[in-house]
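Paired with chain B in one complex and with chain C in the other, chain A is shared by the two complexes that follow.
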Partner chain A sequence: MSAIAAKPGANAGAFQPVPSVIAIVLAIILVVVAYFLGSAGILAGGAMLVLQTLCLIILGAALIAFGVHFVPVGGAPAAMGQAPGIATGVAMLATGAGLAGLFGGAWAAELGLGVALASGAIGGALMMAITCLMVNISYVFGMGIPAASGKVLKDPITGDLQAAYKSQGTEGHGLPFISYVGGVIGGLFGGLGGTLIYIELLNFYNVGLPALGFVGAEGINMLAVGLAGIFAIGMFLVIAVLSAYNITGTIEGPHDPKFKRFPRAIVAAILASAVCGLVAMLVVALF
Partner chain B sequence: MQEIIIGIGVTALAGALAAIAGAAEDTESNIGSQGDPNSQVQLAPQMGYTHRIYNKAVSGEPPAYTLWVTLACGVAWAFLMLGVNAILAIVFGTVLATFVQGVYATTAYLGRTASLSKFGQPVFIDVIKSVTTVTMAHAFVAIITTVTVCYLMMTVIGHPFALPLLGIVWGLALGAAGSATGNPYYGKERQYQNQKFGAGVPISASGNIVRYAEAGQRSSIDNGFFTAKFGGPASGLCFGLIVFFELWRTILFEDYLAGWGAVIAGAVIIIIFMIIDRYVEVWGRKNYGPYTVEASA
Partner chain C sequence: MSVKIEASHDGIPHNKVMVIGAVISLVSLYIAILGTTLGVDYLAFFGGIAAIGALIWGNSTIKKLCSYGIGTGVPSAGMLAFGSGVIALLFASTLSGISIWIVPVAALILGLVVGLFLGWISNSVLNMKIPVMTRSLAELAAVGSLALMGLGAVATGFVGFMDIATFDFLGVTVYNASYLGAGIIAVSFMLGAIALQHPFNACLGPGEKQDRTNMLAIECGFLSMIVMAVISFAFVSLIAAWISLIVAVIGWGVSYVKYVALSKRDAASWLDAKPFSDSEE
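On to the complex of A and B.
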């Protein structure tokens, strides 16, 4: 196929069932492999712990992939007021929010799973709430430009008309209220997913590291926190970048037609996180 | 009680340092032209507009600042482990990271500008000499303040992450906050100063950036001078608020309701910010009104 023939057509971003089924089957195979590694004693903690850890890592990754699609990102056009959204990259903004959530979640890890997850989610949402507010302050008070969406005629939440507030020759600018809410929800899911991955890995390493035998009791927690943190951040980046590819450039938020592409990103995230999760657990394998 | 008072003091200090970091980060990225608006600096020669603007956006601000802050945190941590005084350790780490930033900036400018040679864009050696050191100075301020925030989080507040991990988290958040808030001001207000105020840049004007100053050609250093009046402080406020509220809600409310107090406080703060945002949006719509077609003379 030539490059011209391969140009995206009207169904760009459509859900493709065959590759999706292949991806899901591959992910299931990896989960089964992990289960057998656990039951064979190669991964410490037993088959059920390994299974639970990998499945929850996959769930966390799916939450991140879903959340990234909510974040209104305008990229370079937004920096010139040519398109609505935040003027930076999808992956980086989502990761920034997710890691701010991970910071809060890791801090609250000792208070139990529920508090840690909620704290992670709120941390990510708080980062996005402040960033999105400052974006609108910058547009309205710094540049004299009102917020306007280029994708919908009316804001689905407030009902504000958008077209008349769009300046000539642009696709809109700033963050209409629906995009703001989308940003906060995106941060919420990102922080939640990132914290879930971190806590599952932390629990697994706390079991796996003593079984290796060469780490002293006082060093286990520090090493476990470090390893879990690095792998959680790494996986967050993998999933955020995958989702950014799915979005292709810019997205306004949940009202953008591109938002409907999210199932494809979730399938990709399931497979990618199954591979990454298995590798993260094999770090403490008893070979 | 004493713990909480120390915690609040450290939170205030961390918030203030983060505000300085955000302002310095945005100014650095605008002088070096690293954010998304740099797409126009790269595009301009291709549209026939050669210029003397610095051009170092081989990566976005968030990954670049993740690298520099993590590097500084890692080196500082190694020195701390060797028993070196904390202030010295942070300074050593930051100096090294700043040199890496300088090398990055120089090679990025040379590489990106040389790639435009077929469009007649020259590489200006005097631009490298004059601008690189200015970006390094701003990067030093941004990095040292962020590393200090991370150090306070690790030691006084007692976050479980080690210093380099905190460097990854807050370096990325610094770049994300700075680019999100500061980029539109640099892109729309400065690069397209010749376009109408109060409207986005028409897509047809892409690449036609302002290239001349009051005397001679525009220098990137003046871009920093311009954006330091609004984009820089706004970015600083953004990053400062993020760090402050992230710490404040936990330190003050974590002891209530078995940890849920901090979560509820965070949710309340988010709702307050949401209300403020809606007010700002409505204020903008009311005061600037819908765009109207200009009547022809």
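On to the complex of A and C.
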């Protein structure tokens, strides 16, 4: 293909090898720095706890970044029934689904890691399932439009034809079945990742705060809950918005061609969460 | 992808707004800290002024960033700013163990550092290719941390980590009723994020004027400060809380009236639609 034939911005979805490698190397350097801070005693709890916390924070962030790509984000065109998806931006949708999951997981934090992660994932998925259902109800019964995708001819799961129901001049409208399923999967991953970040930070602060001179186990737990909660919310929003930049605002679900861009978002999430996670852990550093 | 649409040609250049906002914010924070070191808490309302200075700066940055069409809407920039800002702020506040005077500058610098990472990620790894992206995200993270510190200073009167993590209840130090432990920081997080993203989101368009957008930013800042002043009744002395509340309400009223006047100035025409129709006429 000649350079003239290439559309401007055609490589917007391309994977960037050099910056991605730099990003991964930077993230590894930050993890190593955290390890040495832990072994030097600046971060409480020892090197292994520090390493485990930061690595699982990075894993949680990668899950969030992956999950955002499943959620059918429609934006303003969807509000006018001209594009499929839920009629709002990623920032709002990811906050809704992720925080619902995070709160669900936080309530179950005392019951162990497995139960907390499961309830976080189910909380996020339930939130997205209810949102998608109500969105379709208001599209179908309120605006009087059927659900049809503009990106694929057949629904990959049900095999229903899409083109026959698509209005002229639009990119599709409503939430087709594949978008609904994508939304639920996105909520599942988002809630899981958010809860993982929260639980890891909570455990770390429960060890780190007494070393700073805070006394009284029950009060410290409350303080750790507050700190871990606000950091998990902050990191969740950062990762979700970076993933939204990756899909340039709107996506239909897992069948959308933009879905293939997810490796970039995962690389971005790894470095962003390494930076944010290390700074968040340094809050309880002993200087 | 990176086609620039000029939001408004008129008015003060961005660099000047940035310096003005940062100076207002830092000076106000230092006045608030001066109050706590002198042992009085009625200077806490300067935290609100600091938040407003930061919001004016951030508003100008958002205008610059969003004129490129980032595709995710203006609110996402506000959420990113405060998401990264809260992390920088809380780490900076722990540096009060060294000296309380370095906390505001540390919040500014740490915000810039965290934001630089995020800006580089979005421009290079995510291939956004927006010239102002790296600088804008760095500025926004600094704005987020300064605005949060200001709102926290209104609520509690303090900026240090130990002071916002503990609460003296009838002579007993408890953690679960503190600014951090009770989760009040989440309230200021959302109040600040909405105050940051709303002004340009509401005013954008071909008729956008800088003075009107800035006035809305000031109005949103005072509106957030009202809520924080009400919360501050639990933390600071009664007189300090009343001072904060009165300053916030007066500031909000003045800026609201001015904003409505500026909106009428820029409108093609306007009709005063009264809430209740006069049935006698």
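The definition used in the following text is that the second predicted complex is superposed on the first by the 274 of 287 C-alpha atoms of A that agree within 3 Å, B and C clash if a C-alpha of one lies under 4 Å from a C-alpha of the other, contacts with A are read in each partner's own complex, and residues count from 1 in each chain.
Throughout what follows, contacts are C-beta pairs under 8 Å (C-beta built on N, C-alpha and C of every residue); 3 or more make two chains touch, one makes a residue touch a chain.
Note that the structure is predicted; figures quoted are calculated from it, not measured.
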Exercise. Look at where chain B and chain C land on chain A after superposing the complexes, then choose clash or fit.
Key: clash
Exercise. Mind working out whether A:Leu43 is in touch with chain B, chain C, both or neither, as first, second, both or neither?
Key: neither
Quiz item: Counting only touches as set out at the top, which of chain B and chain C does A:Ala285 meet: first, second, both, neither?
Solution: second
Quiz item: Does chain B (first) or chain C (second) touch A:Ser119, or do both, or does neither?
Solution: first
Quiz item: Of the two partner chains, chain B (first) and chain C (second), which one does A:Ala27 touch, if any: first, second, both, or neither?
Solution: neither
Quiz item: So, A:Val184: does it touch chain B (first), chain C (second), both, or neither?
Solution: first
Practice problem: Return first, second, both or neither, reflecting whether A:Ile230 touches chain B, chain C, both chains, or no partner chain. | Solution: both
Quiz item: Which one hits more chain A residues, chain B or chain C?
Solution: B
Practice problem: Using the superposition on chain A described above, determine whether A:Met222 touches chain B (first), chain C (second), both, or neither. | Solution: both
Practice problem: For A:Thr250, select first, second, both or neither according to whether it touches chain B, chain C, the two together, or no partner. | Solution: second
Practice problem: Please indicate which partner A:Val152 is in contact with in the superposed arrangement: first for chain B, second for chain C, both, or neither. | Solution: neither
Practice problem: Among 43-51, 115-123 or 187-195, indicate the stretch of chain C whose C-alpha atoms run into chain B. | Solution: 187-195
Quiz item: Where on chain A do the contacts with chain B and the contacts with chain C coincide?
Solution: 75-76, 89, 92, 95, 222, 225-226, 229-230, 233
Practice problem: Mind listing the chain A positions that touch chain C in their complex? | Solution: 9, 11-12, 14, 16, 19-20, 22-23, 75-76, 89-92, 95, 214, 216, 218-220, 222-223, 225-227, 229-231, 233-238, 240-242, 244-246, 248-250, 264-265, 267-268, 271-272, 275-276, 279-280, 282-285, 287
Quiz item: Okay, in this complex, where on chain A does chain B touch?
Solution: 75-82, 86-89, 92-93, 95-97, 99-100, 102-104, 106-109, 111-112, 115, 118-119, 122-123, 125-127, 129-147, 158, 160, 164-177, 180-181, 184, 222, 225-226, 229-230, 233
Practice problem: Note which residues of chain B are touching chain A in the complex, please. | Solution: 35-37, 39-40, 60-63, 159-162, 165-166, 168-170, 172-173, 175-177, 179-189, 191-192, 197-206, 230-231, 234-235, 237-238, 241-242, 245-246, 249-250, 254, 258-260, 262-263, 266-267, 269-270, 273-274, 276-278, 280-281, 283-285, 288, 290-291
Quiz prompt | chain C to chain A touching residues, read off their complex | solution = 1, 70-73, 75-77, 79-80, 82-88, 90-91, 94-95, 97-98, 110, 114, 117-118, 121-122, 124-129, 161, 165, 174-176, 178, 180-183, 185-186, 189
